[in-house]
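In the part that follows, the structures are each spelled out as structure tokens.
Each of the next two complexes has chain A plus one other chain: chain B in the first, chain C in the second.
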Partner chain A sequence: MTITASRLTKRFGDKAAVDGVDFEVGESEFFVLVGPSGCGKTTTLRMIAGLESIDDGELRMNSVVVNETRPRDRDIAMVFQDYAIFPHLSVHENIAYGLRSRRLASSVIRQRVPDAAATFRIEHLLRRKPRQLSGGERQRVALARALVRDAQAYLYDEPLSNLDAQLRHQAREDILALHQRQRKPTVYVTHDQSEAMSMADRMAVMRSGRIEQVGTPRELYENPVSTFVAYFIGTPSINLFQATLRAEVEDVWLEAPAFSLRLPPSRARALAGHVGGPITAGIRPEDLHPPRQAPFEVGEHNTMTARVDLVEPTTAGSTVYATMPGPAGDLDVAASFGARLPDRFVGQEVPLAVDLEKVHLFDAVTERSVLVDARAA
Partner chain B sequence: MRIRLADVTKRYLREGSLRVASDEPPALDHISLDIADGETVSVVGPSGCGKSTLLRLVAGLETADCGTVHYDEHDVADVAPQDRGIGMVFQDYALYPTMKGAGNLKYYFDVHRRTEDEARARAKEIADIMGVGFELLLGQQTTTLSGGEQQRVAIARCIVRDPTLFLMDEPIVNLDAKLRESTRMEMAKLLKRYGITTMFVTHDQQEAVFMGDRIALMRAGRVVQIGTFDELYYSPVNLFVATFFGSRPLAVLPATVADRTVRFGEAAWPLPAVLADRLEPGPVRIGVRPEAWRFAGAESGGGARMAVDRIESVPAERLTLAHGTVSGARVTVVAPAGTAGDVLWLTPDWEAATFFAADGEHALHTPGAPEFF
Partner chain C sequence: MTTDTAVADATAAEDGAQPPATPSRSRRRRRQLWIFLAPAVLLNLVWGWYPLATSFVLSFTDARLRGDVTFTGFESYERMINDPLVAQAFRVSIIFAVLSIVLTFVVPILVAILLMEMPRRTMRWMMLLWFLPLSSVGTAILWRYVYNTDYGLLQSIATGLGFDRQPFLNSSDQVLFWLVIPGLVLYGPGLIYLATLQSVPTSYYEAAEIEGAGFWRKIWTISLPRMRPVILMMLMFAVIGNLQQFEWPMLMTDGGPGGASRTAVMYVYDILNQLRYADATALSILLFALIMLVVAVMRFAIREDPDAPPRRSLRELVTRKGDH
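Let's look at the complex of A and B:
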């Protein structure tokens, strides 16, 4: 099955919570909707489930319009953030509930429930009540209940938010393992971009009711269409600077009070209409290196200097938070190093080598990428 | 200000009972802590571990059954919370809803009969640090602010009072992931700038590492280990600490040491001399971080066989991860770029492996922090 949304719209009062959203979830695709709170991702999911009415646009499953189809007739399984398991029923009865309500033979139920429970390692808990379970176990009951149904599509609404880090990782692998087995279209909602990046086949970044960009995690990371997507994807967030483009003979320089960087030809070519004017430059923390460890040649044309405020140890090295002088007060800059910067550098000025092949450039007014648009055209 | 807790224990009465049930574990169980002047200590642990109770006890909102709390050289047992000179920030903001942001900041100065000029100067100074747009927030009614904005005002309100001790209980847990990132940066800057002694309670290990000069990890009313990130990550005292830290899970392999060799499932590895001298023969558990494996390629039979379920690429970290199982144990490994296929052959990097007792959870051997420079 495929799920297709065209111009999908939902209004609450005179405000459009979801404002003409288009996407398609392919056969057996794991599709993630991600965005900050209030962006409309959960409302979109609930429209697919049939829990919210659709005000405008079309929702299709395969080629059939299902706008008016009742939720239970859409044959979709959904997992909620707060699990939504029945407190008065045992784990066994919670998992069996969907099967009973569909009037499946009890011989089928007797066979399928333990199977589903075994998949999520809760077969020993079947007689317990939900209140005797930990948060992680409850989440696995909710997953088992969704799995046992053998639905046409799977929907998840922030299912991992209430779990702590260790359980979250485990549950993430469980959900993906289930998906591998079912190969059914899946829509997964989260506000956590790292969760989205690690799970999605493709993902849509949403902002105020609209989709800002759809693509694979790698596409969104490497070629964000706007400053919003660039900033949203990746931790720590991309550094964004206001700068000017200056042409000098063959070269294009990216200039700001704190730095002067010579753009490589690959970047410079796309910039024809912008030279001489303002531009927003985006440099990811992982593209700033200590000069001696940079995987490219370092010179004055690709170095900037910043004063170290804070060094955060990470498992792979450190994240360095620093400041540079800007037009109006200091600018924050974050750099992810593959090595641990010793604490004695705090308060010191350090050189940062910029991987110029990976610099992102956005129109200073529209905030749209001048690189990605150029490529698309 | 220096904060010292000596052997503090706190039990709650069971509901409807006047006697303390002796079988009930205490909420705080013999806790000793020494927080230096200007230091930030993160208190982290799973829910119900007692971290919020600890914070409330330091604030004076709870009293200890036994043990002492000292602010510098003063025992504060008899000092009321409002007289302790502390600033507290909670999960739920607790702003005065009838006032604008600015009024919230000024309120303390009004109550304490300070001058208008002083209040305004202080507020301006804080607003500069809080960054772009903060002054706009001050002009708005607090009820119209978003969660993130309200919390920024709440933190600023705390700082203007010039507290000698700052206590924060999950201050940014209600914000979404991206907003949390920028807010914690602001908080860290404010704390650095004013050098205020701080206790920061969170359940999020990354936040704890970011905010804390040191991190206290709690479980069931006890502080299991306190130290820097490197100490907790590379020299954990037990399996609980080792599994709590790290953004990707530690693999725990049940193994046996015999004849200076360690056996795990089908695999057997000769132990490096340092480890062989140190470990008694018998069952152990080996903890291996995702980044601490060596590879023998997809073909040959060297090491342990990993059945790969899923290969994940992490563009932001330029990493490839393989998820799967080794002899029934769940394992996530950082794999070489371009790794493909269903099978990998692995060997732990013995310089980075941790050994735990098989019957308890305490560490028998820890690798210590690597040299980064």
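Let's look at the complex of A and C:
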């Protein structure tokens, strides 16, 4: 099955919560809707589920328009943020609920429920009531209920947000395992970009009711179309600087109070119309290196200097929080180093080598990417 | 003690680092507790427990308006139990309670479920209409006219439909049925059910819809189980209230015809009017015992908490087969 949304719109009063959203979820694709709270991602999911009416646009499942189809006739399974398992029913009856609604023979139910429960390691809890379960176990009941029915599509509404970090990791694997097994189109809503990045086949970043960008996690990370997407994706967040573009002979220089960087020809070409004007430059923390460890030639043209404020150890190396002078006060810069930076550097000026091939450039006014738009054109 | 020091005390007790409260301070706090409790305790003692205890004592005497009071043991109980009118009154009370619960108890539950299905705006209007706090006495007086055999509304409907003239409240066979009917339009408890339903997370219904449940299945598997504790509590109140029914028969039939609608409490009232205090209190205590018995049986037989794990059978407890 495929799910296709075209110009999907939902209004609450005169405010559009979802404002003409387009996307397609392919056969067996894990599609993630991500964005800050209030961006319309959950409303979009609820429209797919049929829990929210569609004010405008079209929702198709397998090219059949389902705008008016009742939730139960859409043959979907959904996992809710609060799990929505029924506290007065045993685990067994919770999992069997959809099968009983569809009047399956009890011999089938007796066989399928323990199977689904076993997939999520809750087969020993079938007779318990939800009150006797931990948060993680409750969620696995919700997953088993979604799995047991062999639905045509799976929907998840922030299913991990009520779990602690450890359980969240486990649940993430459970959900992906379920997806691997069913290979059905899945729409997964989250506000956590790292969750989205690690789970999605493709993802859509939403902002105030619209989709800002759709693509694979890698595409969104490497070629964000706007400062919003660039900033939303990646931890720590991308460093954004206000700068001007200066042409010098054949080269284009990115000029900021604290640094000048010579852009490589690949980037410079796309900038024709912007030279001489303001621009927003984005540099991911991962693209700032200690000069000696940089995987490229380091020189005057690709180095900036910043004063280290704080060194935070990470599993791989360290995240360095530093400041450099800006047009109005100091600018914060974050850099992710592959190696440990000794603490004695705190308070010192250190050079940072910039991977110029990976500098992102955005129009200072529209905040749209200068590079990606040019490429699309 | 000022509020400030009270707050200081509370924080001192919490962090535990402060030295423990001195005896004088804890005594002061206990005195404070009693000062706040005193009004309620006093009112309850004077108007609740004292009359109850007195009735209990009186029921074992020959108390009358005047004269010496002597202890007579179970004499008045014996007299009451052997009084055929007592048996009749108890039967009337029990039939009234059963009829009223069978015929009217479910109605407000249905009303609440129905209202939940309506759009918010309509629901507010309907609530205003349906849950108007109707006077129970006013209702009774109104219905007395409805039931009037000569010019009553119901009579004209009956004859209009081609039935014979009906006796309504004048028939000793029918009187209890007709007395219960006005209860059909008292939806007051529906407000409580509605509040309960509104506290059920909407995600339960949404999950059920996605899982393929239709209207009735949602009611049966979600609304009713979620309402269960409240329904049982209301049922308990209904049983207690109906076994003590007094005002409707009093106002509509005065116990007639021939005692066919004289309830237990009405008979207590009759005996009291004859100034037979001991008998009246003995009868009250008997009724009290009946109600306590019914309530105890209900509490024991019906599980209130729908979310509690199932009770284990004795055998399971012995063989430890339960998965706990």
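Following the convention adopted for this analysis, the second predicted complex is superposed on the first by the 377 of 377 C-alpha atoms of A that agree within 3 Å, B and C clash if a C-alpha of one lies under 4 Å from a C-alpha of the other, contacts with A are read in each partner's own complex, and residues count from 1 in each chain.
Note that a residue touches a chain if its C-beta (ideal position, glycine included) is under 8 Å from a C-beta of that chain, and two chains touch if they have at least 3 such contacts.
Keep in mind that this is a model prediction, so the values were computed, not measured.
Legend: residue contacts after superposition of the two complexes on their common chain; A:Gly282 is shown touching neither chain B nor chain C. Contacts of A:Pro313 after superposition on the shared chain: chain B is touched, whereas chain C is not.
Using the contact criterion defined above for the overlaid structures, shared-chain residue A:Asp332 touches chain B, although it does not reach chain C.
Set against each other, chain B and chain C differ in how many residues of chain A they touch, and the higher count belongs to B. Look at A:Leu51: by the touch rule set out above, it reaches chain C but stays clear of chain B.
In the superposed pair of complexes, A:Pro159 makes contact with neither chain B nor chain C. Using the contact criterion defined above for the overlaid structures, shared-chain residue A:Ser101 touches chain C, although it does not reach chain B. Contacts of A:Gly234 after superposition on the shared chain: chain B is touched, whereas chain C is not. Listed in rising order, the residues of chain C touching chain A in the complex are 201, 203-204, 206-214, 217, 221-222, 225-226, 228, 306-310, 322-323. Those residues of chain B that touch chain A in the complex are listed here as 46-47, 128, 176-179, 181-182, 185, 188-189, 192, 203-205, 209-210, 228-230, 233, 243-244, 246-249, 289, 291, 309-310, 312-318, 323, 330, 332, 372-373. Interface residues of chain A, counted against chain C in their complex, comprise 49-51, 70-72, 76-78, 80-82, 84-90, 97-98, 101-102, 124-125, 127-132, 145, 149. Per the touch definition, chain A reaches chain B in the complex via residues 36-37, 164-166, 169-170, 173, 176-177, 180, 191-194, 197-198, 217-218, 221-222, 231-237, 284, 286, 309-310, 312-313, 315-318, 321, 329, 332, 339-340, 342.
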